[in-house]
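Both complexes below contain chain A, partnered by chain B and then by chain C.
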Partner chain A sequence: MTREAIEAEIRRIFLQEFEIEDPAMDVDLREAYQFDSIDAIELLVEIERFLGSELTMEEKKRAMDIRTVRQICSYVEELVRARRPGESLPIGDLCKEGS
Partner chain B sequence: MNSPQPMNLRRSVFRALLDLLVTLLLWVYFLAGTLILPFYGMAHLFSNDREATFQGMNSRFYRGFFRLVQWLIPGLSLRIGADVRTLRSTVIVSNHLSYLDPILFLSIFDRQKTIVRSDFFHYPIFGWVLKTAGYLPSSANGDLFSTLMIKRVEDMDRYLSTGGNLFIFPEGTRSRDGRLHPFSRGAFRIAARCRAPLGVVRITNTHRLFPPDRFLFHTGIREPVTIELLALLHPEWDAPDFSLNDLIARVQALYDERERQERERDFAEAGGPDGKPPAEGAGTP
Partner chain C sequence: MQRRVVITAASAITPIGHGREDILRSLREGVSGVKPLRQDDLLAPFIHSQVFGTVDYPIPFDFKRVNRKTMGPVSYYACQVAKEVLEASGLEQEFITSGRLGVAFGSTHGSPTVQREIYKVFHSRDRAGVSSIGAVDYLKSMVHTTAVNITKMFGITGRVIASSTACTTSSQSIGFGYEAVRYGMQDAMLCGGADEYDTTTVAVFDNLLACSTDFNDTPQRTPRPFDVRRDGLVVGEGAGAVLLEEYESARKRGATILAEVAGFACNNNGGDLILPNLVGIRETLRLALRDADMAPEEIDLISAHATATRMGDIIEAQAISAVYGDRPLVTALKSYMGHTMASCGVIETVLILYMMQEGFVAPTLNLEEVDERCAMIRHATSIVKTPVRAAAVQNFAFGGVNTGLVLRKEP
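And now, the complex of A and B:
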């Protein structure tokens, strides 16, 4: 699964579930869209659907500190890696993460 | 014959002393609450459903508090709609005027949950009661609160389906000017998640009974404290065009409409010219 695919899915979830269109990658979601912890728990349900597997409590707790779309993408990327250890992201996608 | 000024002064001093006395007696009731702690302890040890038992005990304690308030302030009229009392399995949203609002809800419903300021969970005994009763912390920062928040929200569907109510003040904080402030989405999000009915409730005048910036209860209150059900909504959560933002706007419109009606009524009662309703914004500070 590529970084682009994850990012596209996160954008789709934000539009469909949170009525937030095209959020900027690094904007603080809480400040910009009043995205609160209850929204974050709902986002986790969508991420579980996307991954096709349930998240552990530890994984969910980690998500509570996330503030930006970029952080969400990295978080999902880590979850994908943890579930499919053999799968690596294309180099370009990894570079993008740090940009 | 006494002149009017010393009479007014005497009346003010008497009123202030009465406010102080009533407030102190109500605080004594709160402090006496420690006497029922052994019952909480026993419930913790022996109850099959600690959460429900703690909620019921909290409700009875605050019911007693409001009985005492009414006894000490005989002029106070407390009007709670019958349709509010019978709400079950409902996410209730309400405007917020005073610290009295949450405990008023606690006194009405045997089974109730709400969102409580996170730092209260750290208080000895009080924090334990809050946690055991299943209340939600206001933030999910840190290990304790994130765990509590996730567990409580994930369990909400089961809790509501067993007849419990969740009440939330979507403004987040008390309104200092009586006007409605923008809503946060949390309550609506939980209702959507659980496909629960949404009770829209309006409280009036609790800020006159216990004003936000005052330590003392106002025993001279003339206005009735009311809790009214504006609407019980059953949104079509699964409709393709459902929008949470539209639902929030609809709820805000219900409050606005009720306030407009009240302004018109007050204006008519005050004998406005030709009995015509006031222009938009008239009669507000």
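And now, the complex of A and C:
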């Protein structure tokens, strides 16, 4: 699964579930879109659906510090890797934090 | 500190219409909002009573997702009437968020529609299903969901009172809101109640043999308060809200004053949780008059609770007779829309306000032959054009809770 595919899915979730169209990658979601703790929990449910598996409590707790869409994409990327250890992402798809 | 309290805005979503003009038209034309019970995938096929006070017209909810995400159907109703009341009031945004405005709003169950979905997960014994319980399901279904969704939507920071006493929920909301303003704890209170379509409520009353079953093929002919052929209540849905303000500040800001809340009383029968109690009800009516410092002769109109149950209507007629005699007109507004449960008190208050403004009294619908045991009071059996200077709204609930509100047209 490519970084672009993850990002596209996150954008789809934001549009369909949270009615936030084309969110900026690096803005604080709470400040920019009133994305609150309830939305964060709902997002985790959507990510579980996307991955087709439940998140562990540890994985969920790690998500609580996330503030931006880019961080969400990286978080999902890590989850994908953890579930499919043999699958590598193309170098070009790996956008680092803040890049 | 004792201040005077006035109503400066009102709105309702009812089975006979949404807003003043629709509702007045239905009252004048004798339109019933009772329809065949809508089917669901749960209880409807097993319920003997196949009638329901139905809101079957579209409502243009225009709420942002940030507000919608914590709302079940009952909160949609609640927030819509709250929005309409705040808009009609002309209150400044600065006041609304100042802490001087509070909310008193309730429902019978929170949102049974949402609760039903949660129960499905509980009973599925499916581990994967547990995580499908949404983060917001509790916020949508908790018993104070209507009150706090209103505070959230409008940024209201005053006190919150979330009555949940079944049929007296919203009359308590108005009464407790009135007391909060009267005694100086808030300068204004947004008060009301709501209940959504729900067959569990119908099933409960059906099992108690309290629901109407004889008119399943002619829904508009039931309920029949005080009539010899009454055979029980009809459950309904709806919402209503009123804005209460301290009189002097309302007058100074030029607000439209619909009426004064002159008095309120609430008591309990102190015993049986179901059977109507003449002593308890009679005492409530007297206490409300005493709180208003008014004599029975000053009341022109009584909005009876009158659910059309066999015993309830007789006990209520006896209580009215004991306190008021046969001078005031008595109308039973549930005859138009069924028993809208948590919202009945405020809806009936709103309808009384409309009639006060228009100078007429709508008759009790389906009252074709008065039961002789209820005949000692002055029933409105046809439209009466008359000034209504003061009115009493009374409601009684399971649990032995009784409420009485006294409204005066001119403060």
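Convention: the second predicted complex is superposed on the first by the 95 of 99 C-alpha atoms of A that agree within 3 Å, B and C clash if a C-alpha of one lies under 4 Å from a C-alpha of the other, contacts with A are read in each partner's own complex, and residues count from 1 in each chain.
We adopt the following convention: a residue touches a chain if its C-beta (ideal position, glycine included) is under 8 Å from a C-beta of that chain, and two chains touch if they have at least 3 such contacts.
Predicted, not measured: the structure shown is a model, and the values here were computed from it.
In this superposed model built on chain A, chain B and chain C take up the same space, so to speak, and clash. In the superposed model, A:Asp39 makes contact with both chain B and chain C.
When the two complexes are overlaid on their common chain A, residue A:Arg11 makes contact with neither chain B nor chain C. In the superposed model, A:Arg81 makes contact with neither chain B nor chain C.
Considering which of chain B and chain C touches more of chain A, the answer is B.
In the superposed model, A:Glu48 lies in contact with chain C only, and not with chain B. Contact with both chain B and chain C is seen for A:Glu19 once the two complexes are overlaid on the shared chain. By the touch criterion stated above, A:Met64 is placed in contact with chain B alone, chain C being left untouched. Comparing 20-28, 56-64 or 218-226 from chain B against chain C in the aligned model shows that the clashing stretch is 218-226.
Taken together, the two complexes place residues 19, 34, 38-39, 41-42, 45 of chain A in contact with chain B and also with chain C. Against chain B, in their complex, chain A makes its touches with residues 19, 34, 36-42, 45, 57, 60-61, 64-65. Here chain B touches chain A in the complex through residues 139-141, 143, 146-147, 149-150, 153-154, 184-186, 189-190, 193, 243-245, going by the rule given at the top. Taken in their complex, chain A has these residues touching chain C: 18-19, 34, 38-39, 41-42, 45, 48, 54.
Of all residues in chain C, only 65-66, 69-70, 128, 131-132, 134-136, 139 touch chain A in the complex they form.
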